[in-house]
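The chains carry the letters A, B, C and D, assigned in the order they are written, with residues numbered from 1 in each.
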Amino acid sequence: MIHPPLPVAIAVVGSGASDSAMKPVAETVGRALARAGVTLVCGGRGGVMAAAARGARQAGGRTVGILPGTGPDDSPPNPSIEVPIFTGMGQARNLAVVLSADVVIAIGGGWGTLSEIGLARKHGRPVVLLGNWHLELPDKVDDRNLVHAKSPEEAVEIALDLARDGPRR
Amino acid sequence: MIHPPLPVAIAVVGSGASDSAMKPVAETVGRALARAGVTLVCGGRGGVMAAAARGARQAGGRTVGILPGTGPDDSPPNPSIEVPIFTGMGQARNLAVVLSADVVIAIGGGWGTLSEIGLARKHGRPVVLLGNWHLELPDKVDDRNLVHAKSPEEAVEIALDLARDGPRR
Amino acid sequence: MIHPPLPVAIAVVGSGASDSAMKPVAETVGRALARAGVTLVCGGRGGVMAAAARGARQAGGRTVGILPGTGPDDSPPNPSIEVPIFTGMGQARNLAVVLSADVVIAIGGGWGTLSEIGLARKHGRPVVLLGNWHLELPDKVDDRNLVHAKSPEEAVEIALDLARDGPRR
Amino acid sequence: MIHPPLPVAIAVVGSGASDSAMKPVAETVGRALARAGVTLVCGGRGGVMAAAARGARQAGGRTVGILPGTGPDDSPPNPSIEVPIFTGMGQARNLAVVLSADVVIAIGGGWGTLSEIGLARKHGRPVVLLGNWHLELPDKVDDRNLVHAKSPEEAVEIALDLARDGPRR
């Protein structure tokens, strides 16, 4: 089936904890993505996800939240999610988050975020890291598409570059 | 977490076969949903899904396609999908299609559609049927939310009514 | 990859409600499957699933339960499940239940069971129905592999025949 | 529902590549797990998974393979899988692999394995690492249940200890 080029989408992943120190960083990333005309995809919950979505909406961008639960009662989307997707599949939804994006930006994060980095790279999605990540894997793995950024602005710039030549173009 | 009311979303499910006789019906349903300001959710593929999405886009509506594959190469969205979600989970994505809607409209369809009707009702989503469906289940099951409609216009009218009092409101 | 023939596995699906009148039927089915040397696959919960697994274990058969939750706390397997699989994916686990079998036997049941019938037939697994099922689908669909049985004994006999020529052989 | 204690199950995750240098290590791990009476859970494919399952079967142990595909045609289990589970959900099956075990042993591996480590720890399953893993996450995360082992024997010993007090006991 012929289809027009997909709209560029970038996923922001990170901790859902409400006290995450990375929230201002996430808000800046979300805003910059929206200004670049990019759809923000995230897990739809709080913390880094809520901050990124808030930034994106403030700049008039589109926000998609792919949630673990079966509906708003067991999985309320954060207030800045424009398109909520309820999967009912718990953390298996992490796969849909990364596949629905051209590139993934990880802003801090813990074990759930680690799983998203793994799933993204497994499926060829480049990953840009913000925060104190240090990942060394035993297998000889292609690292060119796992990039550390020093600021939210740099992360977005790198992500937009990678999206242009990404696996969905 | 407090969140604003979700935007009303209605899923259209049915055969992906390109020769489905239900395509004109689906296009009418999609158009009517868009005119009512409702987001169209579907499985993102061809046949009934493509026709419904085309109708919705013609009327300026929002269209979400929740796809089985891992990206546009193995799961190209139909040309009228505005927000493509790639799940990489095959037919397990049927669960996300129905959970992401207030009400499901089934327009003809086969086994995949039957699974969506079951998953929708299991999770309390009302289902409106168009086409020659006849479903009798052994368990005493609540039928009030499984409704037969006689025309695309009636299906949309019933669906909008059911959405207003639906499980996500 | 060459692999030895898969062990024959038959899924039993049906209501999880503890008051299901179909429990004696399910127990008979489970016992007969075990006597035929077949692995019983089910959703691992109560009602029909528990009765079928109990029957199978009484006859020394193998029982696999594919559960919706993330572990025994949120998804306790019934006491006759020998191999519990925790998916953490809610009702999306229904897909794994039917795909892990050569044939599916539906013993009564409601909406969840209906979704399993649809997913099974979508993927070419024959389905044997016990109880008051009446299913007519709009699409011209292959009905030869959707068979009504009149007794648990007949259901097992038909299922074993269908498994022999089934999609996994 | 009361249920008897679950049988102890340990997942072995790692590269599916047939040239993995970790295959002898995996075979030793599989054998030791079987001798301890533990069920081996894995992704059912080649490489490390096949080697671990082969070791387990040689010692008479039970082996469960949770596969990404819809059946033996698109997802042939390795020849040592006793109980094949077909999920049809691609890499989302990684969640079921780790949830179906008390503890996870990662033997080398790449991005898919990284996702399994993340999902395991997210759900409280301890992880034992063999091979050159170096993982530092930004969030303050509990590391006590992420343990490096120096040999296959040590990995199994640690895993058995952790299983005894694990999240499913």
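The rule is short, and it goes like this: contacts are C-beta pairs under 8 Å (C-beta built on N, C-alpha and C of every residue); 3 or more make two chains touch, one makes a residue touch a chain.
Given the structure is predicted, the values throughout are model-derived calculations rather than measurements.
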Legend entry - Chain pair with more C-beta contacts, C-D versus B-C: B-C
Inset, instruction - Using residue numbers, check each pair in A-D, A-B or A-C against B-D and return the one sharing over half of the contact pairs. - result: A-C
Legend entry - Whole-Å separation of chain centres (CA-atom averages), subunit C against subunit D: 27
Inset, instruction - Give the residues of subunit C that touch two or more other chains, as numbers and ranges in rising order. - result: 70, 87-92, 95, 123
Legend entry - Residues on subunit D engaged by subunit C in the complex (per definition of touch): 1-4, 6-7, 39, 46, 62, 64, 66, 70-72, 76-79, 81-89, 92, 95-96, 99-100, 123, 167-168
Legend entry - Touching residues on subunit D, where the partner in the complex is subunit A: 15, 17, 20, 22, 89-92, 94-95, 108-123, 131-139, 141
Legend entry - Interfacial residue positions of subunit D with respect to subunit B in the complex: 70, 87-92
